[in-house]
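The following pair of complexes shares a single chain, chain A, combined with chain B in the former and chain C in the latter.
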Partner chain A sequence: MEMRPADLREPDSDLVAQQADTAADRQAMVAQADSASMLEQQRQRRYLAKALLRSPTFMTGLLIVLFWIFMAVFSTFITQSPFDVDAAVSLQAPSATHWFGTDDLGRDVLARTMAGARTVLIIAPLATFLALLWGGIIGLVSGFYRGMTDEIIMRLVDVLLALPVIITSILILSLLGKSLAIVIIVIGALFTPVVSRTIRAAVIGEREREYVMAARLRGERSAFVMAREILPNITQPIIVEGTIRLGYAVFTAATLSFLGFGLVPPSPDWGLTIATERIFLQIAPWTVLFPAAALATLVVGVNLITDGLSRVFSK
Partner chain B sequence: MLRLIGRRLLLMIPTLILVSILVFALAEVLPGDVGRSILGPYATQEQVEILNKELGADKPLYERYVSWAVGFVTGDWGVSPLLNIPVRPTVMKALGNSLLLAGFALVIIVPVSIVLGVFAGLRKDSFLDRGITVSSLSMTVIPEFVSGVILLYIFAVWLKWLPVTAIPPDGSPFVDRFYYLILPAIPLMFLELGYIARMARVGTVQVLAMPYIRTAVLKGLPRHRVVFGHVLRNAMVPTVTVIGSQVGWLIGGLVVIETLFVYPGIGKVMVDAAQTHDVVMLEASVLVVAVIYMVANLIADIVVALLNPRIRMGG
Partner chain C sequence: MTDDQYRRDYAHHLIERVRTGQMTRRQLLVRASVFGFSLSAAGSMLAACGGDSTSTTPSASASGAPAPVMGGTLSVVIPPSLTDLDPVTIYDQGGIVLISQFCEYLIDLDNTNGLKPKLAVSWSANTDASVWTFKLRQGVKFTDGSPFEAADVVASIDRLVDPKSGSAALAALAGILSPGGTKAVDPATVEFTLDKPFADFPFLVCASSYNTVMLPRTYKGDWVNNPVGTGPWMLKEYKAKQKCTAVKNPTYWGKDASGNQLPYLDQVNWVLVQDESAANLQLQSGAIDLQQQTVFQGSQALFADPNLRVDIYPGSGIREVAFNVTKDPWKKKEVRQAVAYCLDRPAINKALYDGRSNLGFDTFWEPTVFPGNPTPPPRAQDYDMAKKLLADAGYADGLEFTLTFSKYLENPQYAQLIQAQCKPAGITVKLDQLSYEAYYAGDNDVTPWLNAAMTITEWGSRPTPGVYAQAMLLPTSTWSASHWDNKDFNTTFDQYMSTPDEAARTPLATKLSQIQQDDTPILLAFYITQLRTQKKNVFGVQGPGNFYCDLSMAFKTV
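Showing the complex of A and B:
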């Protein structure tokens, strides 16, 4: 079909109208595609949520973790005070007044066990967040640019991983002193290398896709492509990595406070309590066993969530 | 093969130098005044200066690093200013104890997790499979001091089958040591159980899907011959691989278990040195652990290469 207008100086009105039509068409199509992809995304999200709700693994984990979050926030309104010392009732076995018994200072073990969730649930999520933030930036940059930048960053990461995490954190914490903020930063920093590796791998998988190419051809800046194009497409591996790290963060935070590098008495923290009360294991096992069981349930809960999430995502 | 080992050994040197700088920097720079951090806030300035001179802490930093590094390589690890004992024999004796414990733990880890994994794999998706998978994974994610303290209560305090301590009284025969090490070794085994059993299970499931297993079954080979002759051997490869990758966790676990059982190993030495700011002892023990960690990783890589011809040839 001849599209050229008869008079080159005077634009053909038909053609102009036609072009305007196609432009409008294209816009409408784009909008339609956008809304279609948004619907698709919504549908997918709803599908994932349904699958998660139907996963017994995920739901059990979620219930356990929610229980401890609830206890961390509200336990002081429900139980007795976790700090009230009463020498007259020290090391008493579980009874009607003290369901979980009392510890060496006569404090209520039930109250301390419930309040013990607090420190772990502050340290672990914040440390995980820091690790995801730093690891995310490092992983995005090294996966996106590849080449020298990637090589240098990954070698540095290797050196950070040359020592077991616990050893490095003991080394740093023994010298930096004991405070909640330092523990959070140290765990976050030590988890960063592993997170950056995972995210780097995910970025490398995405960077050759058409949509990244299109964004680059549009002339978008690298930072935009990384943050607005690639990042939204790797949320699933990031979420899975985040829950895996959360499990390890709970593990590490509890271990550090057990070794005496996190918190100081009279904090009801589980790891710390197990460390200080374990000398009474033979005469008053309840002072140790209840916090131990509590910590065990929380760790297993977080890992059940991880397991459920990665199962649903990998389907 | 030899070239692979040689290259890996050469690669270890820069990593080790970087780690030693990291250890040195953390231990000597962060606290500011070494003498002050050893003597505490109540010592006079004069005493601090005398100790600094004795330790050579008044010299410039790089000089101190070089003399420390050279001393470490030539076997002069210094004297602990706090305990006033030479560092090397103390660390070496502790290392021996730790290796005994770790070796014992590894000896029980491998058969237990492989048997569990193969069982689960043979009855894939059955109730037994789910049970083994979930419980071994739970064991792995629960911190070792939690499982340790619960086992201590059950087997030492309640049932009284095993001793509460990890070291037999002086003068008992050497074999007795293993009896006392059973309880500390089990939580260490738990740490690895989940991963190794899972690998053994995956290996079994994959092997069972192979055509030659069907051939073996169809030609009338009895089930135990199929399992022992084909399945077990092939399920071993991924299992050995994953054991090597878990060395870091084993070392971290040693630190915690030695603290829990008051076992005089290198982890205990390290934690004590960190708690008391015994910088000389801390540096030496961390560096020794770093060397062991790297050598163990190297050995693991070599074993994997030996098992996998593709890597062996490529190396």
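Showing the complex of A and C:
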């Protein structure tokens, strides 16, 4: 077999050494740049953490939410059972024995109010996570590709945004049933369009930046660019959007329970309790006021966190 | 023996039983009304008994009532009807309340669930209560101008007993009266030939059998657009789920004891409100004069309102907790009994009705509600007994089942009480709460309320144990959620219903009560006392505080 001249040529040792030096330098430069970037990120994180810790708004909200998370997990060890029925003490006003009074079946309202946080703190964060996941994917794809893809997706999102959340939820839950999982999925799905719009807007702002250009020039795949380059740089609007949605999810979950499309008795869920006990509002207002106040504090707490985050990020 | 001789002998027999202490005075009134004795004749019988005549319960709202005031408008709040307003097919409170204002029954119910003449002036039975003859009121006209005659009764009843009618009346009349069983003897006389003897038959065509209103023989349906009846009111306007307005029927046949033309009022406005709290607030604000039926739960504030009067009636409404005996684990009576022994009935009564209702012990033959019936052995909460019964049935390690109910009235609270009270016996109750519409959706062979394994169903008052049993405890019952078929009970029930004589009935009632309680196809933890709320200037509302009420003698003072 005849051999071609190029295959027989000896490599130029000087050139090889020069290339090796260049590659090593490049790697060193990249490592240096990465290190600087990490340091910068760490410095930013420390700054953010300090700023958040110094933010009264954020800290107040965080304490409220942490209180309810603690109660959701540990209230059964602190209070009476939220399910213990005692007809002999039904609708009793707050007293030393029952700090928040008793409901129509003689159950301790304090125990039920504290335990009521459990369901809402399962439904709302999971629904928000699903909304961020689905909305994130849609927003990234739409904002990154633009053009016809963006047009089609955003027009579909417009259609979905036109659907009223509560009414659509009721329709879907009526069709599919009322399990906890379905409630989470429905709320997550209905919040997805709003989240996708926010993330799309953030992606559009990032896609023309140099680091994205550089990644594309490097020949990185689109999925890599979206997931590893753009996504880390839009975490701030995602976090803010997530906390906003969390507040709405708490309220939506409670509303669905209130309307009878969430959990069923004897769950101490706040929305359900407000719905079932509201007929006693005139003679035993404590049966409604405490779970309503609990719901309000959680929503306010989440909103304060959102507010604190927005202010710190905007600085 | 002629009918008159038989009635005289029967009257003498009733008087003797009261004198010898074998029957209460109220029971005499009830049995006398069943066999068509007039109120004055029943009063004479009571007088013949001697003793204190005050044991009969006077009308709650009649006591201390001022002289009637003519004219004016009454505002009434009721729930909206869930179905089209058709006399043949209505089954819920909203529909029943409205239809019974425009159309009338052969027999009325007084405030204590006793019978009193309405479109029929008298009624009597043959000796085994298998053929009943009703004499009709003369001079009555429908609002379309046609006269009310026996042919209208035949058409109305035949329409209801047609299996294709879809009428709730079939629940009471199926197996008792078939199409063709009603005959017009003459324009003023109707004869009912029953499929089997039924001593309580007048109760099946009275105001507690809600669909048995009299309609013209020419009635073709679409009642809202062609409203017709013999009642004191004429439909002026009906907007489904919003409001209904009625004006007085100028040709109404009714007159009061002083000869005044009824109704007293010029107009009645019904406001249709589903939400009980909203209805109560309207009452308290003064926008509404009368709440025809008040649900205790959530209405406690009404008792303390100085502008309102809450009348209490000895109702017999129930919340039927049915075990579907065709499904596990309810095939074994020990399991059913075990659940019955878990219930703390006084605590349930306290929680749901502030102790106002009467306790029940899983039988319809309950003397506190239906006087004169045998006293059943009380069933107190007994967890040891419940655990033993569960072990006997093979559930020593505990039991789990699902209880299905609608989100309506106090059903959710009752379900939670059952759940909580079963837990100490090792019984786990899963609650399946449905909307009212979902609970009653579908035909009888698929609807949850008749086919789920265990259910809670609300029943309005029924005037006798027999009417209840006929509707839900027999294999022929249209509304049997338990699907119970006890041969001994069925045979004894037939004997009971073909025995008009009280002395012979008592041991049969005792046996029926024992069988029902022992086999426990349904739980009856209480009989609900009925409430009706009105402003303190509203008087004369008649009826036993359940779905049915008569506003022809209602009036408002200034």
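By definition in this document, the second predicted complex is superposed on the first by the 289 of 315 C-alpha atoms of A that agree within 3 Å, B and C clash if a C-alpha of one lies under 4 Å from a C-alpha of the other, contacts with A are read in each partner's own complex, and residues count from 1 in each chain.
Keep in mind that, in the parts below, a residue touches a chain if its C-beta (ideal position, glycine included) is under 8 Å from a C-beta of that chain, and two chains touch if they have at least 3 such contacts.
Since the structure is predicted, the reported quantities are computational estimates derived from the model, not experimental observations.
Enquirer: With everything superposed onto chain A, say whether chain B and chain C fit together or clash.
Expert: Aligned through their shared chain, the two binders clash on chain A.
Enquirer: Touching A:276, do we find chain B (first), chain C (second), both, or neither?
Expert: Touch partner of A:276: chain C, not chain B.
Enquirer: Touching A:238, do we find chain B (first), chain C (second), both, or neither?
Expert: Once the two structures are laid over each other on A, A:238 reaches no partner at all.
Enquirer: By residue count, is chain A touched more by chain B or by chain C?
Expert: For chain A, the partner with the higher number of touched residues is B.
Enquirer: Touching A:260, do we find chain B (first), chain C (second), both, or neither?
Expert: Both: A:260 reaches chain B and chain C.
Enquirer: Answer with first, second, both or neither: which of chain B and chain C does A:309 touch in the superposed model?
Expert: In the superposition, A:309 contacts neither chain B nor chain C.
Enquirer: With the two complexes superposed on chain A, say which partner A:117 touches: chain B (first), chain C (second), both, or neither.
Expert: Neither partner.
Enquirer: Return first, second, both or neither, reflecting whether A:83 touches chain B, chain C, both chains, or no partner chain.
Expert: So A:83 only meets chain C here.
Enquirer: Where does chain B run into chain C after the fit on chain A, at 38-46, 56-64 or 182-190?
Expert: The answer is stretch 38-46.
Enquirer: Where on chain A do the contacts with chain B and the contacts with chain C coincide?
Expert: Chain A residues touching both partners: 260, 278, 281-282.
Enquirer: Please output the residues of chain A touching chain B within their complex, sorted ascending.
Expert: Residues of chain A touching chain B: 158-159, 162-167, 170-176, 247, 251, 254-255, 258-261, 271, 274-275, 278, 281-282, 285, 288-289, 292-293, 295-296, 299-300, 302-303, 307.
Enquirer: Taking the complex as given, what residues does chain B use to touch chain A?
Expert: 15, 18-19, 22-23, 26-27, 30-31, 137-138, 141-147, 149-150, 152-153, 157, 164, 248-249, 251-252, 255-256, 259-260, 270-271, 274-275, 277, 282, 286, 289-290, 293-294
Enquirer: Please output the residues of chain A touching chain C within their complex, sorted ascending.
Expert: 83-85, 87-88, 90-91, 104-106, 260, 264-266, 276, 278-283
Enquirer: Could you pull out which chain C residues touch chain A in their complex?
Expert: 276-277, 280, 297-298, 300-301, 344, 347-348, 350-351, 407, 412-413, 415-417, 419-421, 431-433, 435
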